[in-house]
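One chain, subunit A, links the two complexes that follow: it is found with subunit B in the first and with subunit C in the second.
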Partner chain A sequence: MTVASATGRAWWGTGGLVRRKAIPQAGWMVLATVVGFLVLWPILQLQWRAFVDGGSAFARVLALPRIGTTLQTTIVLAILSSVLAVFIGTLLAWCASMLPERVRRIGEVAPLLPLVVPAVAAVTGWIFLLSPKVGYLNMILRKLPGMGGMEEGPFNIYSVTGIIIITGLLLSSFVYVFVFTGLKNMGQELEAAAAACGASPAMRFFTITLPLLRPSIIFATGVVFLLGLGQFTAPLLLGRTAKIDVLTTEMFYLTERYPIDFGLGAALGFPILAIGLLVVLVQKLALGEQRRFVVVSARSRYNVRETRPWAAVVIGIYLLVTTVLPLLALIYVSISPFWSGSLVVPEFTLRHWTSVLKNVGLVDAIWTSVKTSVIGIAILIPLGFLMAFALLQSTRIIRPARMAIDLFATLPIAVPASLMGFGLLFVYSQPPIQIYGTNAVLVVTYVTLMIGHSTRLQFTTLVGTGQEFLEASRASGAGALRSLFYVLLPMCRKGIAATAALTFVLLFHEFSASLMVRSARTQVIGSVMYDVWAGGVYAEVAVLALIMVVVTVIGVLIAGWLGGTDSVQRKD
Partner chain B sequence: MQELKVEKLVKRYPGSDRVVAVNQVDVEVEAGEMLVLLGPSGCGKTTLLRCVAGLEDAQEGRITLEGKPVFDASIGLNQPTHLRDIGMVFQNYSLWPHMTVQRNVEYPLRARGAASAERTKRAREVLDVVQCGHLTDRLPAMLSGGQQQRIALARALAPRPKIMLLDEPLSNLDALLRVELRAHLRAIHREVGFTGIYVTHDQIEAFNLGTRVAVMNAGRIEQLDSANNVYERPATEYVAKFLGIRNCLALDAQGGWHSGATKLEGDLALLDGLKGPLQMYVRPQSVNLLPTSGPAPDAGQLWLSGARVTDVLYSGGEIDYVVDLGGNTLYVTARASAMRIQAGDAVTLSFSNADALVYAQGRLAGA
Partner chain C sequence: MKNSPTGHSSPIFSKRRAVALVAGLAFAAAVPMGSALAQANSRNVPAAEWTKIQDAARKEGKVIVYATMAPSVHDRIVAAFNAANPGIKMELVRVIGSAQTAKFEQERTAPGVEGGDLMLTADVRWAMEGAKKGYLKAPVGPATAAYPEAFIKGGHVALVGLTPWVLNYNTNLVKTPITGYQDLLRPELQGKVGSTALVAEVVSLFYKWLDDSNPGYLEKLAAQNVKMYPSSVAATNSTGSGEIAVNAFSIIPIDNALHAQKAPLRTVIPNPSFGFAYGAAVVSWSKNPNAALVALDFILSPRGQAALVGNQEAGSPLPGVAGSIDIAKINLTLVDWDKVNMESVKAFEVKWNKLFGAR
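Moving on, here comes the complex of A and B:
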């Protein structure tokens, strides 16, 4: 072939190369800019308010009554509830790995079931059970011998301890997800090697399993600590009675007054933001030396962990405590004439159900929740997919764009939903983008909150799928789009469906940010539930909580159905 | 005295009652002996090894280590792996990535409660044996595959276990390294004198390392004998095929022995008293090609005439001839300098009757 004919071919020539590269690069920059705007705009705008006027907002914070106690409660709650969650979650993961064959499939999923019950519903259920005077469980316990003469208790859910335990239980499922995945990916070969070296099961656990799980546990600890720091639901619902406040509830009370003192809210949120960023940084540093954790093979032929029937009992108790009992309490209250504090109800009634379903405002709020969640997912899945894809392209996308995308996928996870909600309320209730009072603000809120999760989850799926399949498709002559639609998407279908399911659960249950950005005309199920709760109509709260559970289950089932069966994903 | 005794061991995998991974296996390993379990993937060799290690629970049978039963299905005895005093080398090395080389090697000693000074001393000792004394402070991720496998070997040797179990330890290494480590392993076995079971699908490894070799097929041991005997006298047709004896002649007795339409001529003493049909196996290296016009073969030879060379393949110092004999394809390997025979030439195939392996109903005749 002559030189002239070779250079004459467009795909070969310099001009062709530049044209091919320039357009996608610009596209990635646009993506980074859009997401960057979504995430940074509310945070920066709000924090700016805290620092104008020479920081007078911080002076106003310090002047708040009991601010010292509030700050202390926030931090104690974050630390103790995450310690509790990490302990329970790790224990559950360990138990799940020792389940007998017969119950393994169910047992491995069981610790995730609490996620189906919205935090608001779970907390409400717990109030019905452990309210000091009229909680069902307390009343039953008082009937036990040796408890005679007590008028209330023995448990009081309206206490810092109560809030810590409930929060810890709510967060433990998240720890389970990370640690159990870590355990599964690790395989058992390294434990088998230790057994062959003469190590007892206990020695294996402490010298091999636990150290190798360190990345999963550190990551999970960071995540639940951030969630504990921004915890809002339990302190709001449980803390009011005993005047227990945390920074996020203080911020929420600000939104209930008019005009809203955004500067004060920003200053209140500042410590959370600062600690949150610090946690993410520490997490990155702690996980830095990854090669100590490079584990040989996920598909292990070895099965060395002995099965233990009591493992199933532990998981069963966890499920009973976190899910079954609160749900039973909700059902019981929803069909009782009123929550009376009496164990025996003369007759059951459906009037709370009919009253909720006839209430136009409530039904509208439920529909708004479903609609905004579904629209949110429709935006989040492709957006997260693109971002995850960008993060994987170490050579083909310019570094600044990738780093920016990485940052914007991390920030929303580091900023608690309540704080983000407060910032969103601030920026979107004033020009230039005044969408407060419309459903659009809910969708924007949801996308901003969840873009990090959507990206991370789909990133995991893409990593698991492996680059070679895509490269094989390109090498077979398929273009980028054909490879995407015929190879990558079908292979990732299950992972994408799982992301959609989890996103739906998180959005439909969203309470903290929704409560901040709702208005009289734009209510979601979480926000109306709070109003009904504040109005003291507990039976209707129970009905709404149960509706939330039912809709969640339906949503998850639909996502599972769209994801299809395991067959495509099975790689071995 | 036997270090290990396996009796009537049966292992079925749950859910598939028909597939028996280990089927009524009896085997004994003498002290200082290296027993190689050889066979293709899925023959049950690794499962048998894992049953000995206690990483797999068998359904029937007995396993005895140094006279003490560690597994006995009849009385429900099943000692857990960590109490069996074994040393095991895994295919994927399975070094713990969070521990240095030194800590990896010390681990089995720690598990057995050895004092710190003794652990350090012994770890150094075995690391020197595997020529990795300079790597003590490294993490496994910083080592090459060959180094990792040496460390894994040192770790298994460190506590002087009753028995060493090696599960395809060389199969993840590249060819040159495999040869080197094989020689090294053989030297270590001589030097240390451990008792071991070695699982492999590679016959060269098996013959190099095995004091005795057990060839496995579908959960059973087909042949258990010295490496030399397994090579020279494969007990069954299956073993002969597995060892790569490619030339097979189906023989019928119809007015003399015939393979297809070709008559087998020469010294037929070894077929005396046998009834057809028979299978005769000959290694490619044992067959000679003679020009049809040449003199008749020597005494003690067998020959078949009327064959035709279809292809000549040069591979280094040897030549492989592909030969057609009445529709049956045969292979002959000869020194490169030996003959000038080309594709298309008519030839006579001859071989010594000592090199012919005759099987009746799949079993070696006269064995």
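Moving on, here comes the complex of A and C:
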């Protein structure tokens, strides 16, 4: 180094400090700045509106009719749907770990299938099933002995209970992802020891497995609580006629009026934002350094978990309830002349399919969804990869840049999509970046919402890959880029494809933020579906929901094909 | 409309208003079409200038319309316009209620956005105020010049589609026919009545009319535990499905879509009835201003009016439009935007929210 300094190569040229240290660090700073702008700007700009004028927006919140009930419903929904989701998701993971060999492969994937059905489609399907008077399932149940006298029910989907149950079911797949991964990566030595001491499977589960799964369950609980807190789809579609509101639906109604009271919306979103940040903080403190919880698979030599045929039955019932029944209801309504209160339809028709496929606006919306999702993924994958790589380089990146990147990868997960969408509508519908009314606002929205997921998922892939090969490549004389393209990326291909598949699902299904930022002519499939739903043409809603499912499956299959046969399953 | 309305007298009848409306329409009808072209109003432009506007419209190639009518009405308007105006494509986006106004307001402040050029809105008050603020282009064209003066508000907003609000009910669930608003209070309909929430000012005016015409009625209606829907299309579809038995707020084209599917639905035009007209106007920030003027002129022409009124779905200020409802026969009072006091409407909305607990 001293010699180099003497020859003037310590700072400039190959191996110089500037090229070796300063330029990469500056690159990371630029990355942190760009992502920080994307994530922080809408949140800060919006929240600023809540506090200007002496916080008068909060006074307007208090003046809203039934605001106390709305706040209470928001919190009750978040807590109870999370509890339900954690219970169901953990049960499913446990069942999946006990599946007989011949159904194991399909059985382990089955709890993930509800993710293929967009929430808006699933809720619509549930309306057709459990509408109190004319829901098909309710009508069938009323034919059972002892229920003949009932004019409606026994279930009422348009209730807080209905919304909690539907939300809990929708979120349970996420819990399954985390808990099942933890379960799979967990050694079974302790369970084997307990089995040798005569403990029954149930006792082993409650005394050994469940405590060991605590980190996964805590993490999953935090995630689904945040999702429950920002829940929008079920309350919007099920709550309106029953006079049930949550904070996010109140915010959405603001965008339907003029002039839009952004200050009021910001004040409405403030409790969600504060609780979200608190949950993430607690989660971080409870779990500590993230890498501790990325479990590198080390399969146990022991396999003490007995297989149980009933485990497959439990998963089958879950799949039937969450996916098969709503899809059947959607198919039935889509080919009926109109949604009728009769189990027997005199004729079936494809006119609603024809009507949707001939409707230029609806077809445009479907293409806009596909286009913006694909463009979003094209930006998110490299951006997320860089951020994940930065998080992995614990000592090689200056601390402020790494902390900033960590924060910007966490914030979008903590802020509900509807609140972020409200903020994005505010900042991008006025100068200096006025992109409201264009597809660009959708792409920016998607990138902002998903950058956290993209980073976290690819971080897991990178950790799983290990740095040894990269270091060996560098030691062998390959440059950073060569090592990246010839060593790291090929090794991460499947993980990246899995991230792309999951991101496509999340983006194509995105509803909450899209509904906030869409303009009349910049629509995605979720937003036009809401318009058709609000317009009441239920058969066309069913058609659109089924199209969403089909396109999602195609997208996932393409991503799987690009990444290799098992890539989709791998991430899950 | 298959089901003819059933007359039903009630205290909310306002004969004087109906007579005034009929007189207005009679006046409008008395204006001969041919001589209208010669009217010395600012909407009349020389033929050469109109040709220039049409040429410019064809160069623009398209017109974007935000409309709030029933989907079937939109389909008819688009088909008729595109057939009559080769070279100009009408793109119509359905944006209902006050959401349409919110979208126009956002686009007004975002000049880079290619948004709506022409509005067909129920929120006529915003359009009338917009005209005063310079938000609207002055309409011109031969059909526009011939359109009855009484139906051009503030020189910029054309009132089209004179639409009565109607009731509908599920014939499988309601065996004793419903003939008017008083029937919604029948005990057997408790919990089975639906309606539309205050999604637009014009909806508030409907409920206010009910309240003003028959004091105490709304309180009794609220006691029926009315289910509020986000649109009249949604409420009507729910009536057809049987989710509710009767819907207090709909319009005929929405009902006709379900009649065509043989849904067990009957439509009733109450006597007296209350209704409204849509406002049609071109926004000043339009990216396709010439095409928008051509489209508005088409809508105000007899062909455009025929597409708009369909088969007995609405009335037209123009005489002799095929399919138009004979307004004089149905005892209809229309919203008079010149007399609407927004302060009293806002106060009424607070009362409504307390009664129905919905938004």
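The rule is simple: the second predicted complex is superposed on the first by the 532 of 572 C-alpha atoms of A that agree within 3 Å, B and C clash if a C-alpha of one lies under 4 Å from a C-alpha of the other, contacts with A are read in each partner's own complex, and residues count from 1 in each chain.
Criterion: a contact is a pair of C-beta atoms (placed from the backbone, for glycine too) under 8 Å apart; a residue touches a chain by one contact, two chains touch by 3 or more.
Since the model is a prediction, treat every value here as computed from it, not as a measurement.
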Check the residue A:Arg482 against both partner chains and state whether it touches subunit B (first), subunit C (second), both, or neither. neither
Which one hits more subunit A residues, subunit B or subunit C? C
Just subunit B (first), just subunit C (second), both, or neither: which does A:Val537 touch? second
Where does A:Glu256 make contact in the superposed view: on subunit B (first), on subunit C (second), on both, or on neither? second
Under the stated touch criterion, which partner chain does A:Gly198 make contact with: subunit B (first), subunit C (second), both, or neither? first
Parts of subunit A lying in touch with subunit C, wherever the complex brings them together: 65-66, 131-134, 240-243, 245, 253, 255-260, 337-341, 360-361, 429-430, 434-438, 519-521, 531, 533-538
Which of the residues in subunit C come into contact with subunit A in the complex? 64, 66, 71, 91, 93-103, 105-107, 109-110, 112-116, 126, 172, 194, 197, 199, 227-231, 233-238, 240-244, 258, 261-263, 353-354, 357-359
In the complex of these two chains, what residues of subunit B are touching subunit A? 14, 46, 50, 53-56, 80-83, 85-88, 90, 92-98, 107-108, 111-112, 139, 141-142, 155-156, 159, 165
Help me check something: in the complex, which residues belonging to subunit A touch subunit B? 101, 189-190, 192-201, 203-204, 207-208, 211-212, 214, 291-297, 301-304, 306
